[in-house]
Amino acid sequence: MIIVTSNRTPEERIQEIVAVIEKEGLQVHISRGKDRTIIGLIGSIEPKLAEHLRQMKDIENVIKISKSYKLASRDFHPENTVITIGDVKIGGGDLVVMGGPCAVESPAQIDEIASLVKAAGGQVLRGGAFKPRTGPYSFQGIGVEGLAMMAEAGKKYGLLTITEVMTPEYVDVCAEYADILQVGTRNMQNFDLLRKLGDSGKPVLLKRGFSATYDEFLNAAEYILAGGNPNVMLCERGIRTFETYTRNTLDLAAIPVLHSLSHLPVIADPSHGTGRRELVEPMTKASVAAGADGLIIEMHTDPDNSMTGDGVQSLFPEQFAALLRDLEKLSPLVGKRFDTPKLIQHG
Amino acid sequence: MIIVTSNRTPEERIQEIVAVIEKEGLQVHISRGKDRTIIGLIGSIEPKLAEHLRQMKDIENVIKISKSYKLASRDFHPENTVITIGDVKIGGGDLVVMGGPCAVESPAQIDEIASLVKAAGGQVLRGGAFKPRTGPYSFQGIGVEGLAMMAEAGKKYGLLTITEVMTPEYVDVCAEYADILQVGTRNMQNFDLLRKLGDSGKPVLLKRGFSATYDEFLNAAEYILAGGNPNVMLCERGIRTFETYTRNTLDLAAIPVLHSLSHLPVIADPSHGTGRRELVEPMTKASVAAGADGLIIEMHTDPDNSMTGDGVQSLFPEQFAALLRDLEKLSPLVGKRFDTPKLIQHG
Amino acid sequence: MIIVTSNRTPEERIQEIVAVIEKEGLQVHISRGKDRTIIGLIGSIEPKLAEHLRQMKDIENVIKISKSYKLASRDFHPENTVITIGDVKIGGGDLVVMGGPCAVESPAQIDEIASLVKAAGGQVLRGGAFKPRTGPYSFQGIGVEGLAMMAEAGKKYGLLTITEVMTPEYVDVCAEYADILQVGTRNMQNFDLLRKLGDSGKPVLLKRGFSATYDEFLNAAEYILAGGNPNVMLCERGIRTFETYTRNTLDLAAIPVLHSLSHLPVIADPSHGTGRRELVEPMTKASVAAGADGLIIEMHTDPDNSMTGDGVQSLFPEQFAALLRDLEKLSPLVGKRFDTPKLIQHG
Amino acid sequence: MIIVTSNRTPEERIQEIVAVIEKEGLQVHISRGKDRTIIGLIGSIEPKLAEHLRQMKDIENVIKISKSYKLASRDFHPENTVITIGDVKIGGGDLVVMGGPCAVESPAQIDEIASLVKAAGGQVLRGGAFKPRTGPYSFQGIGVEGLAMMAEAGKKYGLLTITEVMTPEYVDVCAEYADILQVGTRNMQNFDLLRKLGDSGKPVLLKRGFSATYDEFLNAAEYILAGGNPNVMLCERGIRTFETYTRNTLDLAAIPVLHSLSHLPVIADPSHGTGRRELVEPMTKASVAAGADGLIIEMHTDPDNSMTGDGVQSLFPEQFAALLRDLEKLSPLVGKRFDTPKLIQHG
């Protein structure tokens, strides 16, 4: 950590600052410039001390050199984390595709969509039972019933399932039915929820807050890891910018950046990341080219009549299947494996 | 609501769209342009229908003309809401000042600060017992004990109290001790928390999410109002922009904008809105000049040693008192009342 | 165009507004709602009239349905624009790679880099002779001399050349030496420069302003097109957001969005778009996967000693060559052609 | 300046880096941490060296401790700059109000508005003769004629005049007619224009780019100052954020921040800063409360029929006059003087 003192801080004040630091058992290196004195701290620094220093008079700036998260950092854990759930390995070289509707609506709907996800080569079925909605008068999901419908469809077709959990109290029931628990963008800093997910051993897909920096995102992951749950995937789903043509600005540089800062798998969400069906295909391919370990894509058999407003970003089943066939060719060019089912010709 | 069809949508498709609308008992006005046909809808439109239309093929754009929130809207409730708690009226022409530390630390600390808030003319004591922190390794507040300490100090000095509540399960205990419950910026869209606060009758200060639009902010307030709690204050506390010199960009235009869109009182938070002590005084005055109904300001007797990192934005007691004396003169110029205690001369 | 009147505008005022519109020879369709009256305008609307209406009392909102640009719009020109310069066709299915240093430094430097761009398969040599710099004390480029050096290197190796032009007065001299003129991000709305480029017949690569919307970007292109120059390429080079880890946020959704709104070729700049060498490779591939017609990439033989601060985002020659070999395989998967030179084995 | 090396950079590489620095005659202080070595540089550092270091391998971060601008900095020039033009002093304790139309339209229009600005107490007449417009088909101003009309009106009523200059070639003619030259937000980094204004001795009002940081803003001012022109005013006019209800987000914290970083006067533009007439009054007052040295406000006698689209943000004359009367009372509370003309009663 580096401490920059204000213009012409007197020597005696410098000595007071140094005393505070040395009292904590840390070494100090002092560089005296014409206008400013700079104090370098060597050793493991408690966040509390950093905060204390930041507030002292005559200290203009405190610059963190090391990162505030540890367990999420690649410095701490150089090897990629690979999350294994049944036959599926996430982060280990296989491209993982999660597909399905925004919301589970009925047993028939989720069954049909599950069959299409499986046929196209997807490994995970997505679907919301509880929906976070901006206004109180919008459709809020069908609840626990929906979880059961999705679990049954997943089992029938041999798909893992993922669903969003919105509050700590629903973690247990969601964990009972689904294989992966998703934290939505508005909950990235719902710290109680993150702690509860740390306790549960369940794999978690953590979506980036739509205005969260990489540092905040990795600190949110740290909450889950620090609770004892190592199975965290990071999901880039678009950030809020001045551009309003797209629902969000999908920040694909996040994929290689997060891979360099962290060992956790990175998933892209081109559906929420763009909010427009016609952009899902090019942005899915771009995500894979940028190095994503997986994708979460909305697909619906009847998007015009979906129960949420998100049909507008859902692919039709035939678009989804065609896209996955393209990913099969694209994946090997970036060191990934992805296979779609092959029709067997009987002669 | 206005529906814009895609370039050269055939007439028969227009008729299909119209049929969907008329089935819902709504009237339609059609305007045929050279390239696009525009369909105006008259009547009360269910959000579900709007969403459905937005997803139909050949519909390029669905433009909402009326707002998605009702109870929070000034159209619906033209008179200002005035929230009365004991002797204090918020939103009715009195300027209300809430002051105190970021975090309650000890009985002596909160007692001393409360005495200073009172002496300076403040009406409400602020202090956090549970702190939302970006990383898991930071100080998280001292909990329920802190609530009791603050309640006692408030009672002793005749101050109302306000504290942040972070999860639905803590609403009841916070409501037991504090007069106003604060929802932090990261929780503006924690819908379960908003619903729980709707059930509780307690006055709520709702902070704007640091990346929330005015529309999303008012929809969040709508959740609380729709739950039956009319006592909501809106708090502008700065938004996230590209500028990083200040912690946030305090958006003071939000004050007159929210006053025009809504009847709810508007409070400004110049401490979090800037994150720098030297900016609190000018931005407090600017907030009052822009029409704020109240302020929430951090003040600490020993900011260098505060337990959170927010001392850097806390005023010293003498700065706080001087600022409130200035507000006494400024308030009448913008139609507000604010009095500081007068020393009585004994002869 | 749609006009929304304020809450409860009286009928006589509506009639006055209608009279203003009809005076311009336009038809009007009126939809009367409970609170608001909506007026639809049919016909070709002068921007002047739109502006006038926007300012009239009792008009709450004027919503443009058609776009403010015409020549840049795909509605107006459904076929892709293909810009042919010598043997190179941009926008017609070939992937075009522009490579070279941030700044031309010496004849030897640009000669060596040109030979490496050619050997790797690039078609265009980039290099700055005039550099826009944030502060007045930074290196500002070597000027016209640099143009001549680059032209000679381009000629020697059979490469087209591209260079940035910063002011109207330099358009002619830059056009004399270079094949493509580049408008930098800070000049996207330098309208005098755009007009001057409209007059010149020279192909232009127009960079998106780092805070420009798609609409503003296409309006800037419209200035050049309206001046009579149809040879405009649009270049996505990253936008400014709250995230500061990367120099900019490369908005790859811009590629398919601009392709849908416009017929002009779209080029991506992963060097400035990220500002970090290690991100250039994945973001280049992602750009191609998203449908880019070309790329502009910084490459330097000695980035540690480049004369501008941009060496940090320049690829080393071997990285550049390896990346282009990967693009050769990736291009056909997204319907593009790109070939790198093949070594001929002598037996 | 502080150099942070990458994780575990070997000692010999550290020594190479140190050699590069010492060759430039600078002293070095080295702090060796467990993971990273930090090198502090003492002495005056050339930007070129900083850039060079930033690009060297094994250097993770180069942190500037001192600022990149000098002449604009308060460190360099501790006293406030006061710009004196005729009887008007800007930056010296008088509040200066610049008022007038977006565009000069006719002799009668500008004469009438000038008389109203004067009567209300304004000291400067604003008006555009050349207008920067997003699209090529909008009204672009009436040109030099407009300058003459405005100069005449200014002279007649004893007002200074300010007008926007858009290109270097028009600096001379604008300087001939107007007292203050304004640089628009889109031209803040038009470096040729800034240099030309540095040559001219004329006072300049430099508007902040709508996405410029404080640092970039002050570096742009530095261009003018470095050219030998000390008469620069900084103008906060709103920044681009995710919020679209207002045209821009007026960043009032910029006022005290710029006052602390720089000695130059700071002017606020609440008209462009909000884009909505009803917000101009509260934001003008807030600007003064935040410490602005002056204001630039649009006022029009017939905003519904103004020739640009900006009538929507122009005050009516009576609103303008009432606002200035309020500023007369507000100014002394923040240490400023402002007087409106008093009617003289004849007995």
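To keep things simple, chains are lettered A, B, C and D as they appear, and every chain counts its residues starting from 1.
Quick note on the criterion: contacts are C-beta pairs under 8 Å (C-beta built on N, C-alpha and C of every residue); 3 or more make two chains touch, one makes a residue touch a chain.
By chain, with names taken from UniProt: A, B, C, D = 3-deoxy-7-phosphoheptulonate synthase.
None of the values given here were measured: they were computed from a predicted structure.
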Checklist outcome for this item: Looking at Cα centroids only, farthest away from subunit A lies chain D
Next on the checklist: What's the distance between the Cα centroids of subunit C and subunit D, rounded to whole Å?
Outcome noted: 28
Checklist outcome for this item: When centres are defined as mean Cα positions, the distance from subunit B to subunit C in whole Å is 40
Checklist entry - Which whole number of Å gives the spacing of the CA centres of subunit A and subunit C? => result 31
Checklist outcome for this item: Residue numbers in subunit C touching two or more further chains are 211, 240-242, 244
Next on the checklist: Building nodes from the protein chains and edges from chain pairs that touch, which of line, ring, star, complete or other describes the result?
Outcome noted: complete
Next on the checklist: Quick check on the complex: what are the subunit A residues that touch subunit C?
Outcome noted: 211, 213-215, 239, 241-246, 249-253, 255-257, 260, 273-274, 278-279, 282-283, 285-291, 326, 329-330, 333-334
Checklist outcome for this item: The subunit A residues in contact with subunit D across the complex are 2, 4, 7, 29-36, 38, 40, 42-43, 61, 63, 65-66, 75, 240-242, 244
Checklist entry - For the complex, which residues does subunit A have touching subunit B? => result 47-48, 50-52, 54-57, 68-69, 132-139, 166-168, 186-187, 189-192, 195, 210-211, 216, 219-220, 222-223, 226, 240, 303-309, 311-312
